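Presented below are the structures under discussion, each in the form of structure tokens.
The following pair of complexes shares a single chain, subunit A, combined with subunit B in the former and subunit C in the latter.
What follows is the complex of A and B.
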């Protein structure tokens, strides 16, 4: 099966600041992938490159076998929900959808109407002055109505109230997951999506530092609590999140069983206890890992 | 792109409606203001319409371009539009198209309102004036100006994301292009022949707009996707944006350079009225004839007078005085410093030099070819414009408010002031009276049946005519076959016409009878031959020995020389002549005529394109040579063509050639 998204050594700088330093990853069709990374790591930049809204300095990008070529045609087969949805203020919701329908070849009016209904949108609502939630919903309709195979969701629940967020998370994303769509989602509250994720990409330092199958996280991530032997130290740079250090007592989160086994077998601990982690918690700690929470 | 254009139309509709209302509101406002000042409402209408046409529309184009360019770059527009499945090129192109549509709609509104309110505009629009070259050029230039101002403002504002600065930059870039083309076309309007600019202007326009669109395309990709391209891409975009302005400036500089380096044939005498023309007077006087047809007089743009031989040897007669560009603008209509030249009977040359900033009075120079010319007089007070021959006397005409108010003065002795007299009658009558008083011209009787010549010593010669000539007309002499005689058209008793030649021995002979008019004005060639037209289709030829040849039908000659489908222009069809001049398949009267007759062989020039030799007795085409291609802007044979003894000079608008009687062409260089 050919990957829906392939990124090979993608680099992008803004002036002297290198944001992406060689992103390499691929996503199989039907997978829901969470993109974890701290602020400014380049998640939005990566999305824009995937959408052909921004040119990569080097490397190759393929979405559904198509490379960004500057024509914007790639966006016909991608649904995009931006972090801050924006539409022309002089339009109403209905006019926004009508305008988009004239640009997207695969626009499905029936589907758009159903989404409008499901999300409780009023087509007559003027965009100027509309709430963040309304704009978010409109963005969802715009992203989904042309029935794309790949979705890029950049903080899709940002600004949505709890009810809407639940709607989006449980209803829309689940439906897309079931429909064998490929989703790449950046979300600071990734734990909300725990139920639908297949994989998590950890973006750090401008590269995909690690890829974590969610099943592995679910079954192998654990909390380790132990007392270090006198004079023993943990090797630096281990992919663990340090939760607490109280003299020789350490509390760590590890995401792979093999690492936990390695620590247990290292002889550095007088005692070491393992406690399984809920997936939501694992994702939360992964984000901390991406934010520099690793053990030094 | 269409959807995007629609979106942009909607985005700018407030601005559009605002501008339309401002325009409509300004009309009654201006009318009221002028009415209050007791100048009449129409003056207000015209002033405000002139403002909107000349200044308002270009400002609107800049406003739309700059606001749309900056708007497209604005963060809100970027966020709303960049995720859409269209290319940056489409976005930018659609925005420009929408702006252009708005500007053109406003232009149409202004134009139609002008047509409703202003009688002058109505006449321009609906009375066929649109077909005129000048109006077409104005509209083309206006459309280009609007397009280039809009595009450059859009590009500048889009590039820097700032409407006001972008508008200023766009106005500078587009305004430079439009200004250079306006100046160039203005020069062409004044110096038609010497500053041909239409092709250069069209070339500049053809370069400007595609280059601007290319810049927009590259810029859109750069601005939207921000690829790593560096200063080379920036330079390319800047170059493409300004290429139109650079091309227009280069075109203008080229035209101006050509203009200032150009040489123009200086035709001696005048040709205001064919029947009193002094153009060929030199052939009446052997002294003048010996010199005047051995070369050609050329005046340079910078005011010099040059004598050039068929071999291309140049002898400066009057020195040139280079002038600055600003001086050119100040003296646009009085640029030709060499205002008039005239041969005297001895072969000397008189030259009237117009004033300029360095010397604000007319100067009269005199000299002989091959000898230095000298300043004869400074003519303070009046504004002479023409050297004329008034019988045996040479003089000057000066302007008056009406033709009768003009003044005349004989050429004064060296250094003396001219003694001006008011004409008190039409210029032609005044001049002919001089010819008559000198005994050189003859006058028809009131019944047109006798021609009388009175010499100053009191002798009288009277010819009784076998028909009726124009009543009381004065007839200038014609040189033919070594004789000075009088040629005039007679209406015969049978209702037909014929050319009457009144010879010095008192005899009258009639020739070339015709039902529809005869040649009453014979053009004299340097070899002593003469020729005239009938109906624009028949040539009447007289050999240097005075032998009158049978009428020569031009139709078969034209078909043989120019092609079977050649159309023949008739007399008086002025419009056709203007449209068809230079066309390959129409024989036109301008540029067609006889240049030499030897025995029964006649050398004819057709349309200034072909030199042919025909057997005048049979009309058979004997030889045919293509002449150098000339600019179709050169409508006037006075500055195109000069017949000399051994051939003729042809000014193509770009170069000067000499063609001898064997058809050999000699390139005498850029002119």
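What follows is the complex of A and C.
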């Protein structure tokens, strides 16, 4: 099966600031991927490159076998929800959708109508003065009505209240049920999407630092508490987060059983206790890993 | 219908399987009943439909569910017995966990506290 998204050594700078420094990753069709990274790590830049809205300085990008060529034709098969949806203020919701339908060959009027109904949108609502919730829902209809097989979602639920977030999540689950969709999602509330994610990509320092299957995080991530033996030191550069470095007792978060097993077998500890870690916590600690919260 | 715990280290598909078996044990679903659809269960639990599909596939493989030509999944005749057998396994696992806790030095009072707290969360 050919990957739906392939990124190879993608680089992009703004002036002297290198934001992407060689992003390499690929997503198999049907996978739901969470793009995890702190603010300013380049998530939005990566989305824009995947959408052919911004050119990479170097490297190669493929979405469904198509490379961005500056014409934007790739967007015909991609559904995009931007971080801050913006539409023409002088239009109504219905007019926005009619306008969008002229831009997409595969626009499916029946699907658009059904989404408008499911999400409780009124086509007569003017865009100017519309609530964030309304704009967020319109963005969803615009992203999904041409029935794309790849979705790029940049903070799709930011600023939306709990009920709208649930509507959006339900819609997303419906999309996953009805077709073979590949999703790349950046979300500051990643734990809300925990049930639908297949894997998490950690974007840090301009590269995808690590890829974590969510099943592995859920079942294997753990907190280790132990006492180092006299004179023993923890090897530098391990992919762990140190929660405590003062005193003789160490507290570490590890994200894979094999690493916990290795530490337990290393003979460096007097005793080492393992406690499971909730997925939401693991996702938070992964960000600490990207913060450089390593033990060195 | 069933509940899953997103913070648990137990895989979601295993939680879904256990939940459906629990419904049969409690008599809420009976042999011959139609199982909820993958779509409705995914929406209700806020999980990936593929995860529900995996749970259903495994339950079909175990003979707990049977599919009728393109008409969804049904609770099989064997399901009741299977769910009851499953209960015996759960009892045994609980017994092992308790023995482990005692070995580790956890006093009975603390164990009862854990039981009490869990009961409050999941009456």
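To be clear about the criterion, the second predicted complex is superposed on the first by the 283 of 296 C-alpha atoms of A that agree within 3 Å, B and C clash if a C-alpha of one lies under 4 Å from a C-alpha of the other, contacts with A are read in each partner's own complex, and residues count from 1 in each chain.
What we mean here is this: contacts are C-beta pairs under 8 Å (C-beta built on N, C-alpha and C of every residue); 3 or more make two chains touch, one makes a residue touch a chain.
As the structure is a prediction and not an experimental result, all values here were calculated from the model.
Legend: residue contacts after superposition of the two complexes on their common chain; A:42 is shown touching neither subunit B nor subunit C.
In the superposition on chain A, A:80 makes contact with subunit B only, while subunit C stays out of contact range. Touch criterion not met for A:156: it reaches neither subunit B nor subunit C. Touch criterion met: A:194 reaches subunit C, while subunit B stays clear of it. In the superposed model, A:34 makes contact with neither subunit B nor subunit C. In the superposition on chain A, contact of A:226 is made with neither subunit B nor subunit C.
Residues of subunit C that touch subunit A in their complex: 4, 6-12, 38-39, 42-43, 45-51.
Residue ranges of subunit A in contact with subunit C, taken from their complex: 30, 32, 169-170, 173-174, 176-177, 191, 194-198, 215, 218-220, 276-280.
Across the complex, subunit A is touched by residues 3, 7, 10-11, 76, 79-80, 82-88, 90, 221, 224-228 of subunit B. Contacts from subunit A toward subunit B in the complex involve residues 13, 51-55, 57, 70-76, 80, 82, 84, 86-90, 99-100, 102-105.
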